[in-house]
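What follows is a structure written as structure tokens; I'll ask about it next.
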Amino acid sequence: MSSLLRAHQLTCIREDRVLFDELSFTVNAGDLIQIEGANGAGKTSLLRLLAGLSLPYEGEVRYQEQAITKCREDFYQDLTFIGHLAGVKGELTAIENLSFSLSLQQDNTDNIDNAIERVSLSGFEDSYASHLSAGQNRRIALARLWQSTSKIWILDEPFTAIDKAGVAQLEQLFLDHIAHGGAIVFTSHQELQIANQSAQRINLEDLI
Amino acid sequence: MWKWLHPYAKPERSYQLASTLLPWFAISSIVLLVIGAVWGLAFAPAELYQKEYYRIIYIHVPSATLSMSVYMAMATAVLISMVWQLKLADAAAAAMAPIGATLTATALITGAIWGAPSWGTSWVWDARLTSYLILLFLYLGVIALHNAFEDKALASRAAGILTLVGVVNIPIIKYSVEWWNTLHQTATISKLSAPSMSSEMLWPLLTNILAFALMIGALTLIRFKNEVLARNAMRPWVRELAAKVGDK
Amino acid sequence: MSAPQSLSYRQLFWQVMHRDLKVAVHNKGDILNPLIFLVIVITLFPLGVGPETNLLTRIAPGIIWVAALLSALLSLERLFKNDYSDGSLEQMLLSPQPLFIMVLAKISAHWLLTGLPIILIAPLLALMLHMEPLAYPALMITLALGTPVLSLIGAIGVALTVGLKKGGVLLSLLILPLYIPVLIFATAAIEAAALNMPYSGHIAIISALLVLALTLSPFAVSAALRVSTN
Amino acid sequence: MHFDSFSDFIAMGGHAFYVWWAYGITFTLLFTLTVVSVRRKKSLLKEIAKRAQHEDKLKQMRKDKKTNESKT
Amino acid sequence: MSAPQSLSYRQLFWQVMHRDLKVAVHNKGDILNPLIFLVIVITLFPLGVGPETNLLTRIAPGIIWVAALLSALLSLERLFKNDYSDGSLEQMLLSPQPLFIMVLAKISAHWLLTGLPIILIAPLLALMLHMEPLAYPALMITLALGTPVLSLIGAIGVALTVGLKKGGVLLSLLILPLYIPVLIFATAAIEAAALNMPYSGHIAIISALLVLALTLSPFAVSAALRVSTN
Amino acid sequence: MSSLLRAHQLTCIREDRVLFDELSFTVNAGDLIQIEGANGAGKTSLLRLLAGLSLPYEGEVRYQEQAITKCREDFYQDLTFIGHLAGVKGELTAIENLSFSLSLQQDNTDNIDNAIERVSLSGFEDSYASHLSAGQNRRIALARLWQSTSKIWILDEPFTAIDKAGVAQLEQLFLDHIAHGGAIVFTSHQELQIANQSAQRINLEDLI
């Protein structure tokens, strides 16, 4: 079986500081990969490289053995990325935000109510996002994952601002996703259950 | 002042007070408006220099004069709310802004219509007209600010600051006639408002001014009640009222 | 080659545009404010240059067009800035859907919210400035053809500056020079019309600019966005 | 009565256009404001009622959730 | 009653102003851009109105002042917006130091970055527009007294709208009406000067406006900031 | 001994939803109080009320038995608040940011290097904040705490984006602060060591 996503000798340099050098790894179906490292180690930089949002100093990222710059459309069909910024518009309601981002991603837009319920936002569907708390905003962004049809998930600190019950639910979702042949690359500074059980770890500090 | 106001400072009490006052204002203003309109349109004599179109005066002057009074009333309400922390004064100020804006727009439009036959142009950039246009902008600014904030209490505090800053403009509007070389307007005004204005014309004008004032009172009461409801949506008495409507 | 598309291009276009309009409606002011800005700017000029009717008649087309230009400029900043700072621009860049259609939809929404109202209120402004009645049709036609060009060209500048903190004034530096041809031909057309001379040549040029902007701008904007979010 | 006949009154000495437009616009504007203000009360109360129901619903849901949790 | 102060008011003023200037220097463009905007707007007018010298001489004071006004308006948005969205405004509100001094320092920095350059470049712009040579001193004096008023009054509008998403255009609705008196008296003074008539009365009024704005605005702005960050 | 800070019958209503009703509690010297509750429970709203950044629908907050609206200056002399937003300017360097916020707060501006070292930003002093990572930005804001001379700290999710080593250091700082007669009110969704040992908890969900 060919790999889903492959980092090929990635080098990232920011402000003359080498964050990682010739980093290579493979993401296969069923993988749960946690990128580790202290603050400023380069986790966010790596994830943005993987998603094609920025270009590496050297090396390339490959989707199904093809450079992602060459097959943007196919790759993005199969990718869900959630970064430090939630991408939630304060002027739209929770449900409007969700259905717009789903249709951008060509994900499943049926049964949105279910996703809303999963992230415990029932009762807030029609509240404007600017009227919701930090964690509730984050939940609107995460609700996408429940409807996602893409295999590769790249998530930068998905658990920020989420309460304990929410974290547990998300962890369960992660397990389901990899069990169904998906792959997840994520970062987190929190102690997680799943990380201990099933995650591979890539520690950026060990690399240089 | 404070002691006299205090009993009505409770939202529910003042809501009821407004409800009892409203019919008096409404009925008297409707009666006077009808009388004023008929008197001005059909019974007042013709004017010497201008033709029948001078009859526009009976709506132009009341709306023009009173729109500035409404602004000052609004500013006073804001001041009261700031000095005595009286939230109801905020509701009153919020209620008045759209009324003032409508009157200003009315005065502008009637003036423009009047200008067409009497000056041969509906708009000149002279002192009074321009500064009056500024008044409309000020009103629109206050209304926009009221609408921009979700929280009514915050909206009132923000719009209140603007209202007070805008007061500086009122004397400029009043006296710009003297500061700035004006064209047609002053001549026309002095012609009509000089003592030479016959009492047959003056009385209907005064009637109309009173009628407009009462109408403004009635409208303020209606809107004031709405504002009180919106600002006290959590109180049980509002909830009860709402439940009645919800059932229907 | 690409996977089956669940959304046709047209649907995508409508969806993005609809969203932007919805955001604008929620910020109620967004719809009225460009208009009000225009009215205020138009008011400032007679105050600044004096109220003489002849003078105003002379400069009316220029003033209206410069004001339209500035109003477009002011409102343009919003076009991508909010999307950038809340992360939804990133999400659009990561969508498998073609970016230039989304960009075109956003620009169309911007024009509906700023260009169209200008056209609708223009006769009133022209009246206030005592513009020559003969020139009204020319004013309307040039605005109808020219304001979309303003939105389209402006979007390129906004896309280039969206990642920078500077925004506003750098933007004007980038795009005002590009606006100049539109301004020149539009006012020339109106002045010709006021003298009862033919002005179809000017209109043809503005139309050409519109077609050019319509075909090139969405791609330029898409490319610029990928660069400035890097 | 200043005018000789009703049609004279309507004609306003040849200036009917100006006078009637001015009065018409004024009273239309004022009437609209009145209607909008009066109607606002009803829509406001409806809004408040809706929100009250919404709040009750949320409270109910939270209660349900808690009882569920305590059961498990 | 209050605790011993480690920073005198003057130190606080300098520190806040210094910070704002440093931020502007880092965004290099911030210093040049208001100027360039002004130059571009001034260039647009001859293009829009036509190049006749007499006409330009007539409208020059009005155009320069309207452009100065719009330039102030455009740059004002930055005044509190960035501080608001990165949370440092919150920190200022929570400081034991008097808010109105910090506000005054920020407004002064804004004036140094936008008002002062306008004054310095004004003679050049006047030359471009063939302004009457007699009127130059009046232009400089009115700009020197008037531009601080623009910054001071504008700050009130910005402070009121800083918490709102709408920003830009609502701002213009709020403060342009308040700018009009400055515009009227300034251009009237310049026109009087061009006719070799006395204009000290106008200057006196502008000075009065300046004093009024200087005393009231910092407090109005402080109050507005507390409201809009609520 | 009188209390430092007292919440007196606070009621908070947002969008017609009562978040808490007649909530009263006291913050004394030596207290470490964790506000708990799920996403959207009203933690941030409560902290902003306590700091005087917004006004309660009813009730008041008292500093040394005086309403804080009446003694702003004294209260703010004694308060350090760090919210969801860090208050860090991207255009300034780490050290410029820190020294400005310290002087605003009239805190100790000597020995800033020490604070920078404590938050592991040595080597990044002169980097512009916009060139630092999410966690490093947050650390610039937190560095203030090491220099703080104020007794009351109000911190909204201070551990967001901070790595594990950083969290441990902060926890130690908290313990030192309360041992020296300070008081801390904070929120966090993470499992903490100190919370179990020494914190009082106020759970917002139990209140209605």
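Lettered A, B, C, D, E and F in written order, each chain numbered from 1.
The rule is simple: contacts are C-beta pairs under 8 Å (C-beta built on N, C-alpha and C of every residue); 3 or more make two chains touch, one makes a residue touch a chain.
Remember, predicted model here, so these are calculated numbers, not experimental data.
Peer 1: If every step must land on a chain the current one touches, say how few steps get you from subunit C to subunit D.
Peer 2: 2
Peer 1: Answer with same or different: of all residue numbers used at the interface between subunit A and subunit F, are over half used by both copies?
Peer 2: same
Peer 1: Kindly indicate the chain pair that has more C-beta pairs in contact than all others.
Peer 2: Greatest number of C-beta pairs in contact occurs for C-E.
Peer 1: Specify the chain most distant from subunit B by Cα centroid.
Peer 2: Between subunit B and the rest, the longest centre separation is with A.
Peer 1: Can you work out the whole-Å distance between the CA centroids of subunit C and subunit F?
Peer 2: Chain centres of subunit C and subunit F, defined by C-alpha means, are spaced 45 Å apart.
Peer 1: Where the CA atoms of subunit A average out and where those of subunit B average out, how many Å apart are those spots?
Peer 2: So the centroids are 57 Å from each other.
Peer 1: Which residues does subunit A have that touch at least 2 chains other than itself?
Peer 2: 84, 90-91, 131
Peer 1: Two or more other chains touching the same residue: where does that happen in subunit C?
Peer 2: Counting only residues that touch two or more other chains, subunit C contributes 27, 29, 33, 36, 40, 43, 47, 50, 82, 85, 165.
Peer 1: Identify all positions of subunit B at which a residue touches two or more other chains, and write them in rising order.
Peer 2: Within subunit B, residues 137, 140, 144, 148, 233 contact more than one other chain.
Peer 1: Where on subunit A does subunit D make contact in their complex?
Peer 2: Against subunit D, subunit A makes touches at 122-123.
Peer 1: Tell me, which parts of subunit F touch subunit B in their complex?
Peer 2: 13, 16, 18, 55, 57
Peer 1: Can you check the complex and tell me which residues of subunit E touch subunit F?
Peer 2: 1-3, 5-7, 15, 19, 22-23, 26-27, 82, 85-88, 90-98, 229-230
Peer 1: Can you tell me which positions in subunit F touch subunit A when the two form their complex?
Peer 2: Within the complex, subunit F touches subunit A at residues 14-15, 37-44, 84, 120, 124, 127, 131-136, 138-139, 157, 160-167, 189-191.
Peer 1: How about subunit B: which of its residues touch subunit D in the complex?
Peer 2: It is residues 37, 41-46, 51-53, 55-56, 59-60, 63, 98-99, 102, 105-106, 109-110, 113-114, 116-117, 215, 219, 222-223, 225-226, 229-230, 233, 238-239, 241-246 of subunit B that touch subunit D.
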